[in-house]
Amino acid sequence: MIPTLEIERERAHLDAERENQREHWDGSAADGRVYRPGELDLSHKVILYLDDITVSFDGFRALNKLSLTIDAGELRCIIGPNGAGKTTMMDVITGKTRPDSGTAFFGQTIDLTRLTEPEIAHAGIGRKFQKPTIFEHHSAFENLELAMKADKRVRRTLFASLLDDERDRVAEVLRQIRLDQAADRPAGLLSHGQKQWLEIGMLLMQEPRLLLLDEPVAGMTDDETERTAELFTSLAGKHSLVVVEHDMAFVEALGGKVTVLCEGSVLAEGDLATVQADPRVIEVYLGR
Amino acid sequence: MRTPFTLRLFQSMPRGGWIALAIFAAVAWIGVPVAHLALPESHPLHVFAYTVSLLGKILCYMVVAVAMDLIWGYAGILSLGHGLFFALGGYAFGMYLMRQIGRDGSYGAELPDFMVFLDWKELPWYWAGSDSLLWALFLVVALPGLVAFVFGWFAFRSRIKGVYFSIITQALTYAAMLLFFRNETGFGGNNGFTDFKRILGYDITSPGMRVTLFALSAALLIACLVLGRYLVTSRFGRVLAAIRDAESRVMFIGYNPLHYKLFMWTLSAMLCGLAGALYVPQVGIINPSEMSPANSIEIAVWVAVGGRGTLVGAVLGAGIVNLAKSVFTVYLPEYWPFVLGFLFIVVTLYLPDGVVGLWRKLRARRAAAALDDASAAAGAGLSAAIGGAPAEVPATERQAARSTADTPIAKGANA
Amino acid sequence: MFGPTKRQWCIAAVLCVLMALAALPARAALDPALVQGLGGDFNARVAAIDALGVAGGDEAAALLDALEGGRLGTVDGRLVVIAPDGLRDATSGEALAADAGAATRITVNNRLRRAIGTARAALALSSAQPAQRLAAADTLRENASPALLPVLARALAAEQDDAVRAVLRYATAKLELASPDPALRLKAAQALGGSSDAAVKNLLAALLEKRGDGAAATWVEADAEVRAAAAASMRAIDRRIGLAQTAGTLFSGLSLGSILLLAALGLAITYGVMGVINMAHGELLMVGAYATFLVQGAFRSHLPEYLDLYVLAAIPAAFLAAALVGIAMERLVLRHLYGRPLESLLATWGLSLVLIQAARVLFGPQNLELANPSWMSGGVELAGGVVLPYNRIVILGFAAFVLVLIWLMMQKTRLGMFVRAVTQNRPMAGCVGVPTARVDTLAFAIGSGVAGLGGLALSQIANVGPAMGTGYIVDAFMVVVLGGVGQLAGAVWAALGLGIVAKFLEGWAGAVVAKILVLVFIIAFIQKRPQGIFALKGRFADS
Amino acid sequence: MNRRNFVKALTLSASIAAIGLPAGAHAADTIKIGILHSLSGTMAISETALKNVALMTIEEINAGGGVLGKKLEPVVVDPASNWPLFAERARQLLAQDKVAAVFGCWTSVSRKSVLPVFKELNGLLFYPVQYEGEELEKNVFYTGAAPNQQAIPAVEYLMSEEGGGAKRFVLLGTDYVYPRTTNKILRAFLKSKGVSDADILEDYTPFGHADYQTIIARIKHFAAEGKKTAVVSTINGDSNVPFYKELGNAGLKATDVPVVAFSVGEEELRGVDTKPLLGHLAAWNYFMSVDNPQNKAFIDKYRAWAKKNAVPNADTVVTNDPMEATYVGLHMWKQAVEKAGSTDVDKVIAAMGGQTFKAPSGFTLTMDATNHHLHKPVLIGEVRADGQFDVVWQTQQPIRAQPWSPFIEGNEGKQGL
């Protein structure tokens, strides 16, 4: 069976979670720090700190003392061989997985390891999954409407009705992701590429400060990929983006700083050229 | 600018839906009463007392079915414990009915007979106030609501999903049944409550009262349909469906599923409670077997037969199954379980969308736009609203279930 | 029953006379007056039977047999033996003219049966086989009347076999506690310390009570030494009984657990593999039990001499019957419902309705009679009257046996490998070429078959009727869910755990409350571990 | 095609439902008799036989020319062991089918559930099962035993020298009203006989309880503590098999600790391996083994009927007390109708009082005019290997029922309507 230690930790997580659930809407997290959804402290021009994060499943170390910082408005690409811990890292940032040790801060004040997924989303982090996850039974329009930055408490949604400017916002994003023709089609019927776009669109509707994008162009045609690259670069600046990709061409197209993950920790960092020149990287990654 | 609530309430249902409801209301509130009270027994259109209370009973079942559909069809949470909430409502109102018997019980005592027989000298504390109708009505809603809320809060917070949830709801109602079977529990044990005499002093067996109860049941059903319809077409409803389809995504765009599920779950339980309260005086008895797991499963069966994920379907299902039961237990006393059994099998195999689904298929065949017909519109509109084609739902159920593995608890369990 | 009554003393007197007679070399025939007592009123009968026991001899035995066999009657007050060929006088043995119909049979009830039993035992003390003597001594230890003291003494003197002597000593000791001689009483009190019989304990306890009250109170047992000995013996007995009872509770917990396990095991497989909520699982149990019934019937009519073995023969039968029904269900219905667990729930619910009513129409609504074979009847007695029934022991073993079989099947065979693969990740298994469809059918057949075996086991302790399954389905689900879906180990832990917990709770809370508490416990437990005791590991741990 | 059938089925049921439900053909030359016994669900095990015997009796009466020159027409419905459904069916029988009398119900709760209906519509119910008493309704005739016609004599027998002179008692039952009341009455009765509370062990199990290990152990322990012990079992039908099996295997022999049961009759014993039960007792007002011409005729008729109607395992059918009660009830109703010259409920009720009938039990039973209960003999039988009973004791003549037991306070002077 499971070691008591494990149980302890599990209980600790539970408590933290319970705390937050109670505190969720009145704006003050369990740790006493005050935040309001969307408001974060960028006084040091850094939007994300990952410090010494370790996560292990059944003894296997998915993340091993990972440390990483993302600057506000930066567009960062993360590459690395399979099993390097890219997805796990995103799980940690979005609260899906709790780190065994280490800290994760959003801006100066928000301790991500103590918030639940919805709270993190409110704080301003949006995430796109490796496999596009959208609401297949809802129309593209509804998908975006649901994602829209708004008061997401039960009692609001009960009486919410779509305002004109909100409608316009949705329409705008629909155009941006080129789905304005398919607005009313059930999302389940969209092509893979379109689904990818729709999910990106949902992120945009959230108006997050930090976007985490897990292999956003997988299954896209070349020109779709191209357009995605344009979109991302245009977003950089007012948003910060972290893109995980295998597609080197795409990474190149994005430009910006590249971080190489390997066996759960940072192997190298810098612009693509330097990284590709790095012998260790060639060894573990490009070498093959 | 915002559209006013009342307007949106009205818009939530297509015109056909409103017309259908209006017709139903007219029949239930005017037709039946007149046919039962005014027309002589000999008159071909006379509605027998037997029929009135039978239909009244079925109306209550329909309400339960709608409540079940809201939580199962739209939120994807299958409860095998709704019988409990139904029975709790029934018992809550039954307490009032027992007190109304007064000294007309066979022991002629102030206390209900079963208490006299247990040598109890005064009412247990939880019977306090049971002689007031208002308090009873409050309990009818509050009791199931509270039980559901507490249970739901823990269950949803621990992210118990799918079958696990279904089974513990079953455990819940089963435990409650055993509890109520105990005589010491103070609810009449196996005999439960029966031999009711009056409500607010009016004779409960009088035709007037019978018709009133029937009309009230109809009113409750109408209210449920309107409310349900509004809920599932509101943004709330869309979020709920979204949770059913991809809970993790819902969380990552900032909704807290716990609150949504809990709200719908509690509301559903309360509706069941109301139905139970109207059911008891019409059938004249409430006993713990109402809480038996089998009864709760049957509720799910009604919904499935009618068409899960469409309010109309829930209503139809409850009606068909129960009428079939009533008819076949008379005409095929020994064989009716076969009929019902095969009905369920056939429906799940060949009509994944239940009767409504069949209806839609038939309409669709005749390419003629199905939408001119009221109820088809209702059905189709609904399905569009939630895309509730059960055939596809399980995929999403699996999806939803998948994220259980990601919760800290599950991780602990995996270690 | 124990303190000697006046009647018994006076019989004792009568006996001493008989004793003298019996002592004579040439045994005289039974005293007719005594025998006629059998024809008299109830008390006379009892007295007569006791006397016969003491008198001994073949005639007495023959009479007792006749009485117990209902072959004794009276014709106008005269005691007669009703033989197939007519009536004979009970004492003289001469045939009578009157025909059998004329006699009024003497009905024997429990009270008489007990008396006869004791008398028989008294007779059997002089039997040649030690085994018989032992049995006899045991009976006497249970309920001997002071009247038999001399008989016991005589037997004890003559007895060679130690086992028998030991028992006889108890029997005498019990009676001697009432003797006027303190020395004898002391010996008795000490001797009884070796017993583990609550009844003995009460005898001793009686000695330690006071008669009257206040200052006037006097000890029932005047002699302090005897009292001390009695107290010591009581403590010894208490200890033994206490231990035995805990052991007993533990066993009954395990037994209940094993039954839950047998009821749930099949479900654990079918549910684990296909995620099909099989509400008709209970009816598969029922099918197994009915198959067992049919086998029993076949044995009754064709090879009655081997009737005791029908249970063994039923094992394959029950398995196959249930498996076939299972296959049919899978092919006709469930096949079309994979990946729709909740719909499958409804379809199988319909199936269960049909199966139950089918059983009702074919076999009638009554419960069916299934006899425990002789080797499964009775039980081994621990101390203090705690008995472990053989049928439960057997079932416990059977559960283990089935478990091992399944484990081997799962771990060692190719099919097992496939099943595990499908359980963990159906699509992937499909991709790597596992014939999922066939695996499903086979797995379901096996699961159903195991359910059939469960039914066989249940038929040995509980009802066999059309609705028998419904009683177990809920519990079975609790076990599976508590254990963790698709986890045999989990199911085992859950079943045994629930069984034991339930039994210990029942000890102090009573059956009803115990059951409620167990259910509440389950609900609470799932809160903590939403995936059961053992959850599947890995990315596809759910659905 | 499945769908088409299915749709047909729907429309059928719907249409039937539409016309206000069973508009049963109303033939004027027959008198309708309602039969309200569960043919499915948990109670089917006991009640099916009652339906059969009722149908048989009706055939018998019709063969004898019917009643008032009219044939009897049985209306069989299935309340499916579902209590609200009992009330619904009762209402239908009385309001729709206009039956002259209803023979039915087994459990107390089913009776309680239909009572209001019979009172409201002034119907006539014949209730054939031994029950807890504490009830008296103008519209009901109770042909089963009241506690004083079953429980108390049984206990008196156990206490007698002949019955083994029991001094300690275990009152064991399923947790519902019949056992509770019976045990309450017995406790009071035992007290009056000087049995102290310390010598009484009362215990209850839930419905369908199948695991009697703990309770048997408790009984053993209780019995071991000295004085002669007897068990009074009001365990409900289904739980009896596991109970007796456990009893036998735990080595509690009838000669040591006799068990007297009030709910175990020939029908129940069909489902039991009687080996472990030998010598245990049951108290009834009728046993199949009773030897007299009426009983012989009764049994033969039923056997023949079962064969003719292909009742499952018809060759082994048995008769039991509630079946006899049903048989007696129907015949008495017939006599009453003939006396009253009409099937009008009030007239029949008036005529029922004082009706007598030579019952298969060998006694002539009388319907008490004031309390609507039969005067019944009490027989105590010991289980035989063949699943029948040896009558070891019986009352000299029928005794009058006391539906309101004098052993429950507040019942004084409540003996009549």
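Note that the chains take the letters A, B, C and D in the order they are written out, and that residue 1 is the start of every chain.
We adopt the following convention: a contact is a pair of C-beta atoms (placed from the backbone, for glycine too) under 8 Å apart; a residue touches a chain by one contact, two chains touch by 3 or more.
In this text, all values refer to a predicted model and were calculated from it rather than measured experimentally.
J.: State the chain with the largest centre-to-centre distance from chain A, centres being mean CA positions.
T.: Centroid comparison gives D as the farthest chain from chain A.
J.: Would you mind checking which chain's mean C-alpha position lies nearest the centre of all protein C-alpha atoms?
T.: Minimum centroid-to-centroid distance belongs to B.
J.: List the centre-to-centre spacing of chain A and chain D in whole Å, with centres computed as mean CA coordinates.
T.: Comparing mean C-alpha positions, chain D is 72 Å from chain A.
J.: Using the average of all C-alpha atoms in each chain as its centre, how far is it in Å between chain C and chain D?
T.: 29
J.: Averaging only over C-alpha atoms, locate the centres of chain B and chain D and give their separation in whole Å.
T.: 36
J.: Counting in whole Å, what is the centre-to-centre distance of chain B and chain C, each centre being its mean C-alpha position?
T.: 46
J.: Got the chain C residues that touch at least 2 other chains?
T.: Each of 357, 361, 512, 515, 537 in chain C touches at least two other chains.
J.: If I count partner chains per residue in chain A, which residues reach a count of at least 2?
T.: 58
J.: Where does chain D touch two or more other chains at once, residue-wise?
T.: 39-40, 175, 206
J.: In the complex of these two chains, what residues of chain C are touching chain B?
T.: Of all residues in chain C, those touching chain B are 275, 277, 279, 333, 336-337, 339-347, 349-354, 356-358, 361, 470, 474, 477-478, 481, 484-485, 512-513, 515-516, 519-520, 522-523, 526-532, 535, 537-543.
J.: Provide the residue numbers of chain B that touch chain A in the complex, in ascending order.
T.: Residue positions touching the partner: 1-3, 5, 8, 157, 231, 234-236, 238-239, 241-242, 245-246, 248-256, 258-260, 263, 386-388, 392, 396, 399, 406, 408-409, 411-415.
J.: Spell out the part of chain C that touches chain D in their complex, as residue ranges.
T.: Counting only chain C, the residues touching chain D are 1-2, 42-43, 107, 109-111, 113-114, 117, 142, 197-199, 202, 245, 248-249, 252, 255-256, 259, 357, 360-372, 377-379, 381, 384-387, 389-392, 461-467, 471, 503, 506-507, 510-512, 515.
J.: Enumerate the contact residues on chain B facing chain C in the complex.
T.: Against chain C, chain B makes touches at 72, 78, 154-155, 158-164, 166-168, 170-172, 174-175, 178-179, 181-182, 293-294, 297, 300-301, 304, 334-335, 337-338, 340-345, 347-349, 352, 390-391, 393-395, 397-398, 401-405, 407, 409-410, 412-414.
J.: For the complex, which residues does chain B have touching chain D?
T.: 46-51, 53-54, 57, 106-107, 109, 114, 116-118, 178, 181-183, 189-192, 194-196, 205, 283-285, 287, 289, 320, 323-324, 326-331, 333-334, 336-337, 339, 343, 346-347, 350-351, 355, 358
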